[in-house]
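Labels for the chains are A, B, C, D, E and F, by order of writing; each one numbers its residues from 1.
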Amino acid sequence: MENGYYTWMLVSSSLVLLMTAPGLALFYGGMSRSKSVLNMMMMSFSALGIVGIVYALWGWSMSYSTTAATVDGETGGEVAKLFSNPFTQFGLESTDPANYVFVAFQMTFAVITAALISGAVADRMKFSAWLVFVPVWVTLSYFPLAHMVWGGGFLSDVQNGLADLLFSGDGAAEVAPIDYAGGTVVHINAGVAGLVLALLVGRRIGFGKEPMKPHNLTLTMIGAGLLWFGWFGFNVGSIVNLDDYTTETGLVWLNTTLATCAAMLGWLVVEKIRDGKSTSLGAASGVVAGLVAITPACGNLVPWSAMVLGVVAGMLCALAVGLKYRWNYDDSLDVVGVHLVGGLVGTIGVGFLASNEGGLLTGGGAKQLVVQVCVALFAMLWSAVATLLVGLAIKYTMGLRLDDEAEVEGIDFIEHGESAYDLGTSGGARRASVLGSGSTATEVSA
Amino acid sequence: MKLVTAVIKPHKWEDVREALETFGVTGMTVSEVSGYGRQKGHTEVYRGAEYDIALVPKIRIEIVVDDGDAEDIVGIITKTAQTGRIGDGKVWVSPIETVIRVRTGDKDAAAL
Amino acid sequence: MENGYYTWMLVSSSLVLLMTAPGLALFYGGMSRSKSVLNMMMMSFSALGIVGIVYALWGWSMSYSTTAATVDGETGGEVAKLFSNPFTQFGLESTDPANYVFVAFQMTFAVITAALISGAVADRMKFSAWLVFVPVWVTLSYFPLAHMVWGGGFLSDVQNGLADLLFSGDGAAEVAPIDYAGGTVVHINAGVAGLVLALLVGRRIGFGKEPMKPHNLTLTMIGAGLLWFGWFGFNVGSIVNLDDYTTETGLVWLNTTLATCAAMLGWLVVEKIRDGKSTSLGAASGVVAGLVAITPACGNLVPWSAMVLGVVAGMLCALAVGLKYRWNYDDSLDVVGVHLVGGLVGTIGVGFLASNEGGLLTGGGAKQLVVQVCVALFAMLWSAVATLLVGLAIKYTMGLRLDDEAEVEGIDFIEHGESAYDLGTSGGARRASVLGSGSTATEVSA
Amino acid sequence: MENGYYTWMLVSSSLVLLMTAPGLALFYGGMSRSKSVLNMMMMSFSALGIVGIVYALWGWSMSYSTTAATVDGETGGEVAKLFSNPFTQFGLESTDPANYVFVAFQMTFAVITAALISGAVADRMKFSAWLVFVPVWVTLSYFPLAHMVWGGGFLSDVQNGLADLLFSGDGAAEVAPIDYAGGTVVHINAGVAGLVLALLVGRRIGFGKEPMKPHNLTLTMIGAGLLWFGWFGFNVGSIVNLDDYTTETGLVWLNTTLATCAAMLGWLVVEKIRDGKSTSLGAASGVVAGLVAITPACGNLVPWSAMVLGVVAGMLCALAVGLKYRWNYDDSLDVVGVHLVGGLVGTIGVGFLASNEGGLLTGGGAKQLVVQVCVALFAMLWSAVATLLVGLAIKYTMGLRLDDEAEVEGIDFIEHGESAYDLGTSGGARRASVLGSGSTATEVSA
Amino acid sequence: MKLVTAVIKPHKWEDVREALETFGVTGMTVSEVSGYGRQKGHTEVYRGAEYDIALVPKIRIEIVVDDGDAEDIVGIITKTAQTGRIGDGKVWVSPIETVIRVRTGDKDAAAL
Amino acid sequence: MKLVTAVIKPHKWEDVREALETFGVTGMTVSEVSGYGRQKGHTEVYRGAEYDIALVPKIRIEIVVDDGDAEDIVGIITKTAQTGRIGDGKVWVSPIETVIRVRTGDKDAAAL
C-alpha cells in the first residue's frame, strides 16, 4: 500500500480516538453540572474501553468480514446484507495484518458513536447499566448499520440493496447512496438511540424547572476544538478513491472546514435574532452541528455548496435544540438536536447539492434525494428498534436509572465516589478547600 | 429589629425563597456554607485512599426583620425547609440594634 | 505530488487550525478574568468562522492567484506587487483542486493572525465590532502582506521588489528576504494591529490600578502546549524545497523546538533575576515568544543559532511585556510584547544568524540584515495604516467599546449572556452552585 | 528515505512532545492540590526546556553517536557498551541532517522520562533543586540506558552484552532483549528514580493523615486522553523494520489501543470489587498503566495477548498504588505504582507472551523471559544508583526540599509567586474574586 | 462591644477597606455572598433555555468594634459604599458580649 | 442561648473540630472567609506586574450553645487554634434569643 496514504490512516485513527477521549468527554462534561461531570466523562472513557475490545473480538468481523456481494457478483447470502459473520474473523485471528490500520480506523468510529449517546442521559443513568448497554447496542445497531452502509450491505449500492430496489441498475443500484464518513451509521444512529434512551430513562428531576446550566464552558470549548481537529481524521481519513488521494483529501478537508465555519456563524445568527445575544455555547454547538452535517457529504460537495449545507445545518440545529422543552423529553445535552438533525441535514442535503450533477439543485434530478431519504429512514428505524430492545431489556432487569435521592446528591459521588473539583475558595483558591475534603486518608484494605 | 439566621439544605433554598417572597420578605443575604452535625458526610476514594468528608453543604440565610415579623418568618422557614430527615438545619434569632440602607441612609424599618 | 509530503500538509493544516481553536483561545482565555474568559475564547472561535469563509471567497485569490512576476519574467503588473486579483479565483471556483491543501494550510494562517490581535483588546471590545473588524482587517492587511511576502509580491525577491530596489540582482533581488513561516505576515502584522487597536479602544477601567490577574493558569498552560504542538505544522509545513523534504523538515522541527526551549529558559531567568521567582505564566509566555521568534528563521538556522535566537527572544520579550505599564497603553494580553517584539527578533535576528554565510555574524555581510530590517519596517507601516483605517471607521460608526457599566459587570454576561463557571463552593463543589444559578429554565419562544 | 514513513516520524515526534506539555502536566497537575498545580505543571514544562537543550548538546551523542559493535563486528570499545562519546556529535555539529528527525523523536523520549519523575515529589521539592536534578539525571541515567538498550550497548543483543552473556549466540546474543518503545529506558527508569527521589525528599507534611485528594479531575482526564493520543507516536513511531511499515505499524497501533482499553477495564474492576465503586481517576490511571505496560511489548504481541497483558497491568497497578500507604513512602502521584510496576509487567510479560513462539506461554521456552528479567533488574540497579548519586549530592548541597512553613503555605505561591485560579465565588463566578486578588498592579522596576 | 455587619457591592470593597483603614480599623472578616432584594438579577441563555439569575454577588464585611466606634464606622461604610443605585446594600449593628484574640487571649478592646 | 463565632487559621480547623467534638459540641456551621488584619497578605507577580494580596484565608465557625457552655467553648477554641503567630484570629460571643431545629421544631437547648 502507498505509504503516504498509509501514514495518513495512522494519523486519522489516532485523531478519531482523540475525538472521544478527551474531545467528546470534555464537550459533554463541560455542559453537565459540576456534580455530574465525572460521570459524563466516564461514559465516554468507558465506551472507548469496552467498544475497543468488542470491536476487535467481533465488531470488525460483523462489519467487514464478508460482503453481500463480492466483486465477481457472487453473494454472501441475504443475511450478509444486514451483517457479516461475527466469527469468521473473531478476535482478528484471521485478519490480514495489512488491514489492521482499517480495523483501527473503523474501531474508533464505533467507539465515538456509542459515546455520543451518553449526552442524552446525563446525570441519571446507572453506570452499570451504561456498561451493559454499550456493548449490546453496538452489536445490534452499530455493527449491522456499518456493514449495511460500508460493508457492501443493504444500504450500499449492492444488488437488491435498498437503492437498487428503488432504482435498479445492472448488477448494482443505478444511484449509489452517499454516506462518505458516517451521517447515517454514526450520527443518525446515535441521535435516534439517544432519543429512545432518553425516553426510556425519563426526565431528570426538576427538568425544565430547576436550572441545569453548563458548569464549565471552557471545557466545552476545548472539547469543540478537539472534536474539530479530530474530525479531519474522521472525514479525510474516510477517503475511498486512492487515485485521487491528493485532490480528494484536499477537497474533503476544505469542505469540512468551510461547512463548520458556516454552521458556527449560522448558529450565532439564530441566537442573536432569537435571544439577542450570541453565546459561546452556541459557537461550540454550531461547530459540532456543522461537522455532523458535512460528514456524509464532504466528498460530494464543492466549497460553495459545503458553505450552504453548513449554514443550513447551523441554523436548523440551533432551532432544534429547543424542541425538547416544547415536547418535554429530556435529551439532556441535545444528541437529537445536534446529531440526529445535523445528520439528517447532511444525509438529505447531499441529495440536493451533490456535485457533478448529482443533486436535485445541481441538475441531477430527484433520484439521489429519494435514495438518501429512504436510507436515512431505514437507518432511523433500525436504530430505534435496536435501542428499544436493549433499553427495555436493561430497564426491566437491572434498571436504567438512579433513585431520586442519589440523583439529587449527585451521580459523581454516588456512582464514582469522587468529586471533580476541590478548589477551595479562600485567597483565590491558593489552597485546596479545607472544608471540601475529609480528615483522614486511610488505605483501603485490599 | 431582629436578625434571623437559617442554615438549611441546599435543595430547599428555592422553596424557602418563594415562601418568604410570598410572605413579603423584600430582601435577604445568602451564602454557601458547610455544616457539621448529626448528619454525617460521606467517603470518597482516590486510588484506594479513603477520604472522609466530614462536612455537608448547606445554605445560610440572613434576614433582618421587624421585631413583629421574626416569629412568622422563623415559622415559614421551619415549615418550608423541613424534610424530616436528619440535617434539615437550624434557625436562630438574634437582636439587632439598628440597620441602615446604604443607598439612602434610611434606618431600621425604613431600611428594609 | 508526492504523497508523503502531501500527507504532512494535511496534518499541518489541521495542526494550525488547532492552534486557534482551542489553542490560542485557551492561552488567552486563561489569562483573562473569569468574567471575560468566554468572550476571549469567542474572539478566537469567531475569527476562525469568519476568516475561514472569507479566505475561500477572496482571500486565496488576493494572496496567490496572480504573481507580480511569473517564472518567465512576465509580470502581473505593478498592482500585483501589493495583492492579486480577488476575483480570478473567487470562491475557489477556478482553483486547481491539487492546490486545495495549500488553500487549507494558508487559510489557517490568516485565521490565527486575526485571532492573535484579540489579546490586545481583552474585556472591553464590542463583540459586534470584532465581527466587523476581522474580515475587513484581513482583507486590507493580511491578504496583501501574504501576497507581498509569499505570493511573489513587493516583499519577495521579485524584480523591483523592496529587496531588489535595495540590492538589485539580475531579474530578481540579489538577496532574497527571509520569512520562512510568517514573522512579518503573521506576528509583526498581528503585533502592530494589536497595538493600534489597543490605542483606539483605550485602557480598561482600572488598568494599572485594579488587579487583572489571570483567572485560570491551567488553561494558559494547556494553550501553550497546544500552540507548541500546532506550531510544528505552522513551521515544518511551510517547507518550500521538496527535494530536501527529509533533511529540511527535520532541521525545521529541531530548530523550532530548540529555540522554544531556550526562550522558555531565557524568560524564566529574567523573571528569577528581576522578580525573584520564575512563574508558570512566564514559562508559557516564553514558549510562545520562542515559537514566534523562530517562525521566520526556522529554515535558515542551525541548532546552535536557533538556541541563541531563542534565548534572546525569551529575554527581550520578558522585558518588553513591562513596557505597557511604563507607557500606559493597555495591550491587555501582551500581543505587542510577545508577537511584535518576538517577530522582530526573529525577522531581524536571521539577518545576523542566517546559515550558509547568510548573516552578519555568520560571515555573510550586512545585506541580508538590511533587507530584513527594511522588510520589517515596511510590514509594520502597512499593518499600522490598514489597522488604523479599519479601527477608526468602526470607532466612529458602530463604536469599538462597551460602556463602562457593562465593562464592570463583565463582558461574558453582557455580550454573550453566559457565565463560564458554575462550580458551587460547598462540599468541594460536589454540586453546582444553587446560588450561582437561576430558578427556572424556560424555552425561549422561537 | 521513504517520505510516508518520514512524515510519520515528524508526526510522532510532535505527538511525543505533546505528551509532556501539556499531556503529563495536566495528568499530574489535576491530581495535585490547588496550591501545587502550577509547580506540578512547571516541573513538566521545565523538564522539556532543559532536556531539549541538553539532548541537542550531548544527549544524542551519548546515546547514538558510536555503538558498541558496528555491523561488521568492529567495536567501539567496552565503555561504548555503557554510553557513547558525548563529544563526537556535541551540539549536533557533525550529525547528518538526515538523522535530525530521529534526534527529534529521541529527544522527546528523554524529556518525558525526566518529567515522569516529578510525580513522586509533588508539593514539596525546591524548584531550583528540580532544575539541577533534571539535566544531571538524564546524563547519568537516561542517556546511558538509552544507549545500552537502543544504541547497540550492553542491554542490546550486542556481543558480550548482557543477553549474550546469558545465552551466547555467534557474534550476538541468541535471544535479543525486547524493549520496543521504552519499558526499561523510560518507565522502569523513571519509576525507580521516582522511588529513590521520593525517599530522599521525604513524605509530605500530613501524608496519610491530611487529605490530599486531586483538586481537578477534569484536568487529569484531559491529560490521560492526550497521553493516549501522543502514545501512538511513542509506540508506533518506534518502528524499526521499515519493510513491514504498513503491517507492523498497524499491529502496534492496535496492540497499544487494545492493551490500554483492557487495562482501563481491569483497573475499574479492581476498584469495583475493592472499593465498591469505579472511579474516573481509576479510568485515567488504568489508561496510563496500560500504555506503560504495552510500551516494551507492542511490537511482539498479537491482539489477544495485548489484551491479556493490558488487563493484568491494569489490575496489578490498581493494587500497587496502595503500597505506599502500607510501606509509608510518599510516592505522591504513584510513579512507582504505575510506571515501575507497569513497566515491569510489560517488560517481563513479553517474556511470557512474545509472539512467533517467542515467549514461555507461546512455546518459546524460558530464555526470552530470563533475558527480560535480567535486563529489567540491571536497568533498575543502574537507575537506582544514578538517582541516588544525583539526589544525595543535591540534598547535601542546595537541599532538595522546601521548609515546612512554605510547604503548608503552598509551593505555587512560594516558588512561583502565583495562584492557579481566581474564579471568585459569587454569582456562579460571574466575576473574578474581588477578595482573592490584590489592590494594585504596579510594574516591577526592571 | 458591637458587631457591625455590612453587605455591599463587590466593586466598592476596595474603597470601603481604604476608608476604614484610614479611620483606624485594624481588622475585619470578609466573605463573598449572594444578595436577594430590590436589585434584580439577570437572565442567561443556554441553547435557547433561559435562566433567571435571582441573586446578585455581594461582599459581606464583619467588624467587631468598641461601642463608641460603631456609629462612625457605620457612617463611613454607608458613605463610601453608596452609589445611589438600587442594590447598594445594608449595614446592621448587633451587640457582642465579648471578643477574644486567639493569639494572646486578650479580651474585648484589647483583642482588636 | 449564645452564638460563638470564631475566625481561625485554615490549617487549625481539624484540630479545633476534634477538640470541640470531644467536649461534646454536636454541631456547627463553617465557612471559608478572607481575613484582613495585622497579618499581611503577600505579593504575586504576573508578567512583571505585582499584585498585593491584601487578604488571608480564614475559616469562620458559628456555634449556637447553651449559655453555660459558651465560656468553655471559647476557651477550647482559643487554646486549640493558637499558634502564637500573628493572624491566629478572633472569637466573639453574641446573644441569641432562640434557636429552632428545622427537622423537629424543637426549641433552644432541645434544638442543639
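Going forward, contacts are C-beta pairs under 8 Å (C-beta built on N, C-alpha and C of every residue); 3 or more make two chains touch, one makes a residue touch a chain.
Here the structure is a predicted model, which means the values were calculated and not measured.
Chains making contact with subunit B as well as with subunit C: A, D, E, F. In this entry, C-F is the pair from C-E, D-F or C-F that repeats the interface of B-D, since more than half of their contact pairs coincide by residue number.
Looking at which positions face the partner, subunit A and subunit D present mostly different ones, since fewer than half of the interface numbers are shared. Among the pairs C-F and D-F, the greater number of C-beta contacts is found at D-F. Averaged Cα coordinates give subunit A a centre that lies 51 Å from the centre of subunit E. Mean C-alpha position of subunit C lies 33 Å from that of subunit D. Chain centres here are Cα averages; for subunit B and subunit F they lie 18 Å apart.
Along subunit A, residues 2-5, 7, 11, 210-211, 213-214, 216, 222, 274-275, 277, 279, 281, 322, 325, 413, 417-428, 430-431, 433, 435-444, 446 each make contact with two or more other chains. Counting partner chains per residue, subunit E has residues 11, 14, 17, 30-34, 41, 44-46, 48-51, 53-55, 58, 94-95 touching two or more of them. In the complex of the two chains, the subunit A residues touching subunit B come out as 210, 408, 413, 417-419, 435-444, 446. Subunit F meets subunit B in the complex at residues 1, 3, 17, 26-31, 64, 94-103, 105, 111.
Subunit B meets subunit D in the complex at residues 32, 44-49, 51. Residues of subunit A that touch subunit C in their complex: 2-5, 7-8, 11, 15, 33-35, 208-218, 221-222, 224-226, 228-229, 232, 236, 245-247, 249-251, 253-254, 257-258, 260-262, 264-265, 268, 274-281, 283-284, 286-287, 303-304, 307, 319, 322, 325-326, 410, 412-413, 419-423, 425, 433, 435-437.
By the touch rule above, subunit F contacts subunit E in their complex via residues 2, 6-8, 31-38, 54-55, 58, 60, 74, 77-78, 81-95.
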